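You will see chain A twice below: alongside chain B first, and alongside chain C after that.
Showing the complex of A and B:
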């Protein structure tokens, strides 16, 4: 089974819209299917070990966030059936449902994006975007941004290790990690911007200046053609949009 | 043909009111020569190299310059305002930044500049293969650039410049990530370019410079402090005691037969 970038992109769009259409329990099933999908289908497997590690870590964090979201909503909202808890607290059925609905949607959205970005090498994405007519400058800006985002976890880890080597307990617990992360945020962004400037400089020094001769050469399989699969997912996406609008009008 | 470079009374500030990065700098670099640009950090070496590549004029719009730069027959007043690709090839200090980050293999990375030049077909393959073999990168041709070691990255970065066949090659600390074998390979590459290409490279040490350069420039505070041949440089080495790294002086004494050194150096080396 072979999926090119355009097909993957249209599938991602469809999944994002589907997460808005489906009820929370079906979103939960969809999330599990997407997790399996990631391992079962070669075109959606992570392109590198780093990508696999980061995707798994992000999926774990998101699952924790969804759990917390559900509990907090259940405790704070006082509508629907109220289930008594020890200590005088109550858990509301409406709150839990609201938390699950939002959380499951978040999981499906995150997993769809992870499927796409984790399995698509940046050069392929560049080739595709250019082949469908994106301006070179826009493609380049996107590439530099993606490259920066890609390097953030490594940079954070490097800075934390350097701080630990000097005795700072930056990885001691979740509070210490959060505090340390906010402290390094601005130098991290600044260094990223400086590196992006250097990288753009380097590209210009090798003849890349958005001129007519520029090309992101690539394989002929991703030349922006509209395949049947892309068409199918785009039609399904349009149906989702129609359904969302109708549901909103009929409410 | 390899161009000569003449710089006359060049002043440069990164923005109005900033300290001068280059001050009244005048120098002549002969056609086909290999010139080492030495000096401590902050001397202005990188600024000078970036001016010659054209990147400063193209990217730093707040910069203030006066003087003139002559590269071959092209005169720029005060400095080049656009990147002089492909006639000038510039290797950055950080090799990881030099690579595009958007190519999947070393081979594709090397071809990036050729794609931008519109070179295709046989010539493209020929140039890439020549650059791969020249820098001994053949076995890495299909590797992903982000999987390379520091030395391999540095060699790939240089190869990615050489494929464009620049007539003036400007290198910023080209051996800072290389081990001794890598340095020797770089020496061979630069020697093989002599006559066909004018080479100017910056380095903070002196050992590599002595192995490959025929002309030496020493910079301090944005100005040229010394300009001369290898012998003249060796004879004047004592004057640069405070500017160049001491840990390499023993090598200089051993390899290049310099017997008279600064008294403080002699003390350090127990001569």
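Showing the complex of A and C:
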């Protein structure tokens, strides 16, 4: 079974809207199904080891946060039935329901987005966006950002170490640390501007500012036309929106 | 990837022609790679703030820089792309706050083009105003979509405001009001100081170079 970027995007949109429509226990079931889905279907498997590690770590982190959120809401919100706990504390039914409702929704939202971004390399997303009519400058910005995302954290850590070695107050009081933030950001910005000038010259020399489209290697997903699967998920998404509006109006 | 082919007619266009032209003007010269750099900066600034143990987000430094040096439309793009990529690289909820990032970029670009970054004493005022606007824009999204839970330390504030009897929307709004103006004011002052220290020959590479005060001392020190 093959899914192109457009189909995955429409499925993600449908899942996001579905998480708002479903009650918390069905969202819990949907979350477990999505976890299985990630391993069962090849088009939704993470594209790299880094992506797999990141998404697994995030799923574990979110599950812990949701558990904590449910407990804290149950302890702090004093509405509905109050269940007594040892030590004089009480757990409210409203608080627990609120925590579970929000938490399960967050889990489904996070898992849907992880499914999409984990299995879709950003260059392929950029290619798809260009095929559906995004301005070529925005597509180029997205691709250039990937280069900077790789290099900026290393540059930040290099400048951080250098400034710390020169005596910048990176571990002093909060005001001094704010000043240290400026001391790190200043050379970072300067180097960023210099690199931007170099890159803009390189782009101009290659004729980029002519406004022509970028061509990608292995141009397989640049069709830009809507498939039956995309159409189906978009219709289901519209139905979800109608349901949300009706529910809101009838309340 | 950099081989080009003739432009064909687009199926659906997300921007009107005027906006597209304006955007192209803003990213002329070094603008386009600079927008990309600032998006990466948005994603890394939070990591730096955490390394320095600063209790603020500072995740819109890049968007504000683009707004001042390039213009509002490129800042809106930078904000939206930052949030989409933040979703891809770690915090999935960020994609829903893309409209807030767009508001931050658009508003900063607008006030920067009206000279708010030329005088130091107006800059904090802009930051406070921006913080209030960001709180207003983000409250409905945080309340209705996430019930006020953003998986951050500020969630405790929302819980506190709820426990003293406010509605969810009010609690999220008050939490935004208590943290966003401080964050945005620091961001604005930081960007003002950063840009003020840039030599004029670098500022001239950007369309928004005139949005900033002319620092003659820096010109002399960087003169070739």
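To be clear about the criterion, the second predicted complex is superposed on the first by the 174 of 251 C-alpha atoms of A that agree within 3 Å, B and C clash if a C-alpha of one lies under 4 Å from a C-alpha of the other, contacts with A are read in each partner's own complex, and residues count from 1 in each chain.
Assume a residue touches a chain if its C-beta (ideal position, glycine included) is under 8 Å from a C-beta of that chain, and two chains touch if they have at least 3 such contacts.
Since we're looking at a predicted model, the values are computed, not measured.
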| item | value |
| --- | --- |
| Which of chain B and chain C A:147 touches, first, second, both or neither | both |
| More chain A residues in contact [chain B versus chain C] | C |
| Touched partner set for A:121, first chain B, second chain C, both or neither | first |
| First, second, both or neither for A:239, with chain B first and chain C second | neither |
| Which of chain B and chain C A:229 touches, first, second, both or neither | neither |
| Touching partner for A:195 - first (chain B), second (chain C), both, neither | both |
| Chain B versus chain C as contact partner of A:208, first or second or both or neither | both |
| Chain B versus chain C as contact partner of A:35, first or second or both or neither | neither |
| Partner chain in contact with A:113 - chain B first, chain C second, else both or neither | second |
| Intersection of chain A interface sets (partners chain B, chain C) | 122, 143, 147, 195, 197, 199, 203, 206-209, 211, 213-217 |
| Contacting residues of chain A [partner chain C, same complex] | 20, 54, 58, 62, 65, 69, 72-73, 76-78, 98, 101-103, 105-106, 109-110, 112-114, 117, 122, 132-138, 140-145, 147-149, 151-153, 156, 160, 170, 174, 177-178, 180-182, 184-186, 188-190, 192-197, 199-200, 203, 206-217, 224-225 |
| Contacting residues of chain A [partner chain B, same complex] | 121-123, 126, 143, 147, 195, 197-199, 201-209, 211, 213-217 |
| Touching residues on chain C, where the partner in the complex is chain A | 1-8, 10-15, 20, 23-24, 27-41, 43-45, 47-49, 51-55, 58, 61, 65, 77-78, 81, 85, 87-90, 92-93, 95, 145-149, 151, 155, 159, 162-163, 186, 190, 193-194, 197-198, 202, 205 |
| Chain B - residues contacting chain A, complex | 53, 55, 58-59, 83, 85-86, 89-90, 92, 94, 97-104, 108, 111-113, 115-118, 160-161, 164 |
